[in-house]
Amino acid sequence: MVYFINDIITGALIGLLYSLVAMGFVVIYRASKVFNFAQGELVIIGGFIVWFTTMQAGLSLWLSIPLSLVLAGLVGYAIERIFLTKLIGESVFSMVMVTVGLLILLRGLVLLVFGPAVRPFPIIFPLKPLFLGDMLIPMNLLIGGIITIVAAVGLSWFFNRTRSGLRMTAVAEDHVVASSMGISVKGSIAVAWVLGAILSTIGAMIFLSGKSLTFLASDIGFAALPVALFAGLESIGGLILAGIIIGIAQSLTTNYLDPLIGGSLGSVVPYIIMLAILLIRPTGLFGWRTIERV
Amino acid sequence: MTTNNGHVSSPLAVRGATLKFGGVTALDDVSISVADDELLAIIGPNGAGKTSLLNVTAGFYRPQKGRVELSGQDVTGLRVDQIARRGLARTFQGTHLFAGQTVVENIMIGRHMLMKSNVVQAFFQFGPVMREESEHREAAEEIIDFLEIEAIRNRPVGTLGYGLRKRVDLGRALAQEPSILLMDEPMAGMNSEEKEDLARFILDVREARKIPVVLVEHDMGVVMDLADRIVVLDFGRVIAEGTPEEIQKDPAVIKAYLG
Amino acid sequence: MLELNNVEVTYSDVILALKGVSMTVRAGQCVALLGGNGAGKSTTLKAISGTLKSEDGTVSAGSIVLDGTPIQNMEASEVVKNGLIHVMEGRRVLRHLTSEQNLIVGGHMVPNSAELKKRLDHVYTLMPRLADLRNRTSGFMSGGEQQLLLIGRAMMASPKIIAIDEPSLGLAPMMVRDVYEVLKQLKSEGTTFFLVEQNSAAALSIADYAYVMENGRIVMDGPADKLADNEDIKEFYLGVTASGERKSYRDIKHYRRRKRWLG
Amino acid sequence: MDPSGVFPTSYRSDRRLIRTRWQFLALVVFMALLLLAPYLVSSRIIAILNMMMISAVIAVGLQICTGYAGQINLGQAAFMGVGAYTASILASKTGLTFLLTIPLAGLSAALFGFLFGLTAARIKGFYLALTTIAAQFLFHFAVLNLPSTWLGGSNGITVPPAELFGLRFVSESSQFYLNFAVTAIMVAGAFGIVRSRFGRAFVAVRDDDVAAGIMGINVAATKANAFLIGAFYAGVGGALWAYLIRFVGVDQFTLFHSIFFVAMIIVGGMGSIVGALIGVFIIRIIQEIIATVGPNIADSVSFLGGDIVFAGMNVVLGGVIALFMILEPKGLMHRWNILKSSYRIWPFPY
Amino acid sequence: EETYNLALLSDFSGPYADIMPILAGGREAVFTWWNETRGKELGVTLNYKNYETRYDAAQVASLWPGIKSELDPIAVVGLGGPDVAALSERLPEDKIPMFMATAAYGFAWQPDAWIFNPRPTYSHESVGFLNWMREQRGGDEPLKVAILASEASPAYVDMAKGLELYAEEHPEEIDLVEVIYTEVQPTDLTGQMRRVVRAGAEALVIQTNTSIVVAAKRGLQANGANIPIMMSSHNGLPASGGALGGLEQMEGDFEAYGMAIAADEDTPARQFYETLVADYGLEAPWNVVTAMGVSQGLYTVTVIDHAIEANGAEGLTGEMVREALFAKPITTEETHGFLPTLSFTPEAPFPLEGLKVNVGTVKDGKITIAATGVDVPQVEKW
């Protein structure tokens, strides 16, 4: 029983990590209506920046973490400047498709800049887990979970309560209308990408702390996808709930069902849950309903 | 035409429709019926529920209460496309044209439901497909002629001005060969010359095709001149009904709408 | 305050929609732009406000000057900062936001919330209907309600000049009168208007000066009252016959030859 | 748009794809060259053409589903996989002729696609795009976890070569003719479909599904049909793939492959069959150039180290795709159409 | 003077781009060495050319006809699964054998092969290792084993399936307590590792990739457990240790495969490597990837050598090369101790008899050889 509860808790925390990565998607989506398929690549880039500042440049964590976040923000900004600014006013569809191209391009670029080797990732969070009686909770996930919740609360306040948030929402609703009201679409999308890159980098730190860094890390982008859709692409707060539910479901499947079937149902279970939810609520639990009006 | 319960059925009847959105009551026990060949105008202040009424009729919204009948048949709850196939066509407030497509293509889409070929025939382009395409294209061209939009036949609709789009919208509805036509603010955004043209088309449609028309419109000149009968809505309720002359004098209407 | 010199607009590098348009709007004036469908009125507005780009259009020649600043092909959001707001056709509300949020977005440049509150109240007093609808999701509102909201949203920015595309579109007669009252009120408060309108009678009632456009060219212009007396304007835009009576839509002759201005 | 002086005189001729004698001539020459290709060019080129034709069938299907009907589909490789597996199983277990296995492969993929298409009735836009990713993962999971006697599991399936009247399609050039025949039929069929009432219904649903419904188009069924047809093409392409490689494994049909199919139709241009073909050509040719030129460059600049060159090559591929999207987000066909219309009106700007 | 061509399939830009330069260096150095020594004697030169496959079956398939017409190779030197998938049905038609470097894949375990592996399947290798470990431990109980696999690639599934079947058929030898599937870059394995610990596993088999080794190691550390991990060549001690930040982290873990261990000790293999470095331009470091490239090169040239002996230097064909493979064992001396003596038969793409694995481990932060020539029991095809 203790183990069962422990599995639930660990699952929920892993789910929160998915939420954090998904938050990257959602922030970019909320502020620009662009669904960024290259989110997993942003995680790798974030990871490499952290690796570079710590393992290569040898900076202490206190220095390298903020520096990495700044650098990640700059990368996000650069991506927006180079690839997306020119497309403002084009259909959202083309912008989304650019992110598909970006996915291929960023992979190549990272390979070019950092080389293909497997890299040790710095230990950012204590390796020693937290013991609660018989239960043990990985520190990185625990701290990550807290960060995720704080970030979600903060961002959701920002988007729903502040005027800058409202401005970004306006941009996502209609680029042309927003700019015709004097809102800088470029600025808003840039902020979104900076935020998205920073969130991805935090995600990379939690995800990879004490582990190794390779291209495979980008898979977390696709693991986080179902969480974003489950919550609904506009809902930042909803990510928490969605992450926890999907994380728990996945953890229970991997731990109790997979051994029975001798396969890896755990890795598809998030997608199955997502499909089921979307069939019931086509825009996720908390996503905006599509408005059809004639 | 008679229904099972005996009385003469009209091409379109809405009986006691009530439609609520959360706290908003868009329609409150609204009943209308359209006679053969009649041009019925629906007027009312903004937000009165005119578009909602058309939407209920066309199957786009399902009323919480009440029924919609087409020629005596209950069509409440059917999908929009099923209702369209039973002969109801409509034009839109604002336009809902297929912007990237040319005028001809838009009108041909209107004929989709009248065409019969299947995917395999389309794949191989054999059998009746070619003949069918030509026949329907012919019909589409007739409509284009009728609406005098030959010159823009091959222009993508997205590049047309508002007025022309409205005309294409009408053409597309006519292409469905409807037995009843609903029009939502067809005159909006036109100058008087264009209104005159469109008014003429509407009259012609009635004459040539003998179909009843339901017209929602804010231009009183048009409404008073064209309508056989007028229904006035306010806050989702019918507040008056009658001939243009009666309506023009009705104090309730003057208070709520004409001012 | 706003000046167009020989402006040409091209869509998709091929379609020439404006062919050398020049006009002037003086501060505090209301200038109306009339014209048939597809004449290029909306294109003119889009050229001024910089929203052409989203439709693959550019100002390919000529200049547009707002208060001494050339604004042709300027970023739309920059044009707004120069004091011009464009109310677009097509009822483009921010659909998922409530009516009030739409207004707040309109006033996003307002420095403090007290001022924002004041402007909201101003809009609500001028257009009480919007106050009733403040918590309604704007995408679900009726066509006319959305139209009102757009006007309110433009007011929130309290711009020096409002370029407005068919404000009366889809409004009930009483509402048209109300909206024009509002516009007059704003004008009296010093706002400049550039008004594109099909409801020419209403437009000419508020305008000081008017231009008539056909086929991407200005074909006639003059003080509003002069134009209102012009025979052709009467016939095509005001819908009255030479004798001054409104003719019935039932009596339209079938294949009437159309008269066109030759630009 | 026609060159000036060409006026269709009947509705039938107005529908024609080939509108001038020159176009007809060009097409005949093109087809003849293709047919003679095995005698004209090296087998390497033939192998590239084989790969291109198979990709073309799949990309054209995707174009119908995504470009025409507007249903973003990131599961096309899975649908291709379903076709490939169907053909492989039928061919290896029942010995059915390819004349039957290829259409059956198309049909089974179509069925799988249709199931996902049904969700499109409710799920729209990005939400839909991402559920098609689920198709990808579920396919992978199913193959690996169903009993291996069904779908071969992790072992994959070996496919006997296609055979007709004792002729075995094993050489590059014989496979070329098989692929050519199927591709020609499928592409011609695609032109037929998009010009028919179905093509128009797809476009209608893409542009405005509310209005489409009111036109009497059953929106849900149309979307499902779009998936069905798109997946049918993928299935046929998958069957061709199976006969070409003659060994299918689940890792031949990944999300990354799907993404590349999407890239192909983006580069070529959404909503145009020719665009899909152009996109296939461009992306495949870049890949082949990288594979061919790469080692030579790496040799000549060996001081840089081979890996840098190859990483650079990846950047080139991604960069070309991204560039296309930035410079011409509507695809090459769009640019071509603009060129054509400005040529028509040249030198007058209107 | 005769010249024959070899086609080298490589992946410089795909998933194995990180190890490719080293692997390629290893095999190319062997060809240079052979040309200058044995080749000179026999009057034969081996030409080779690298082809970029991006580890993609489609790319291999489209390259192949070009390779054939351009090179007309007598043998192909392959890299991995996509090469096997794309060429397994072609090579018999074209009568050209392909020589791989890796362990064999279960899916390619078919008679009359044209594709050959110097090593048996991954399952053979793990079974060999586990039996050795059981003997080391002593006692009669079966060894309790857990596997960490992934469904990300069918090859990974294949590795687990073989071992599962063996354990099922030999319950007295191996007790498979846990089979865990995870992602190729797992988020966290603490919970899974606790299950492994609780089940009392004595060994953890991870033949997938380094990332999973690292995550498993962290999971074990969190549980305060130290179960030895057995890895394969492609994710072995140096790679996994590197990814963990140092070899010392892998103290007591093992790598096992049917090929020389790149240990710090002075072995014949090491000596041959030094020769290649000194005289034949090899630049790669002494590690398992280099060893893989060198051993692949060595058994390839040995087979060709045998074929020339049997048929003379002229008119050598791919078919003759394949025949030579079956005709005569490739002795461990000929491969300078890189490989055990290999006796191929037409029954399987790898030698079924006399299979051996070597075991490496980390002791005091250094890779050392724990055992050589450990016998591999007979494993049934799954």
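Each chain gets a letter, A, B, C, D and E, in the order it is written, and its residues are counted from 1.
In this text, contacts are C-beta pairs under 8 Å (C-beta built on N, C-alpha and C of every residue); 3 or more make two chains touch, one makes a residue touch a chain.
Computed from a predicted model, the values in this text were never measured in an experiment.
Counted as hops between touching chains, the shortest connection from chain B to chain E is 2. On a Cα centroid basis, the chain most remote from chain A in this structure is B. Averaged C-alpha coordinates give centres for chain A and chain D that are 31 Å from one another.
With each centre defined as the average position of its C-alpha atoms, the distance from chain A to chain E rounds to 37 Å. Our note on geometry: chain C versus chain D, Cα centroid distance of 47 Å, whole angstroms.
In chain B, the residues that touch at least two other chains are 51, 60, 92-93, 96. Multi-chain contact residues, meaning those touching two or more other chains, occur in chain D at positions 141, 144-145, 210-211, 214, 307, 311, 313-314. Those residues of chain E in touch with two or more other chains are numbered 13, 17-18, 151.
Within the complex formed with chain C, the residues of chain B that make contact are 21, 24, 43-48, 51, 93-94, 159-164, 185, 188-196, 199-200, 203, 218, 220-222, 225-226, 257-259. Against chain A, the residues of chain D that register as touching in their complex are 72, 119, 122-127, 129-131, 133-134, 137-138, 141, 144-145, 210-211, 214, 255, 259, 262-263, 266, 270, 307-308, 311-319, 321-322, 324-326, 329-330. Contacts from chain E toward chain D in the complex involve residues 10, 12-13, 17-18, 20-21, 24, 49-54, 57-59, 61-66, 68-70, 81-82, 85-86, 88-90, 93, 106-107, 151, 153-155, 157-158, 161.
Taken together, the chain A residues at the contact with chain C in this complex read 89, 163, 166-167, 169-170, 173-185, 234, 288, 291, 293.
Per the touch definition, chain E reaches chain A in the complex via residues 13, 15, 17-18, 150-151, 164, 178-185, 187-188, 190-192, 194-195, 209-211, 214-215, 218, 221-223, 239, 242-245.
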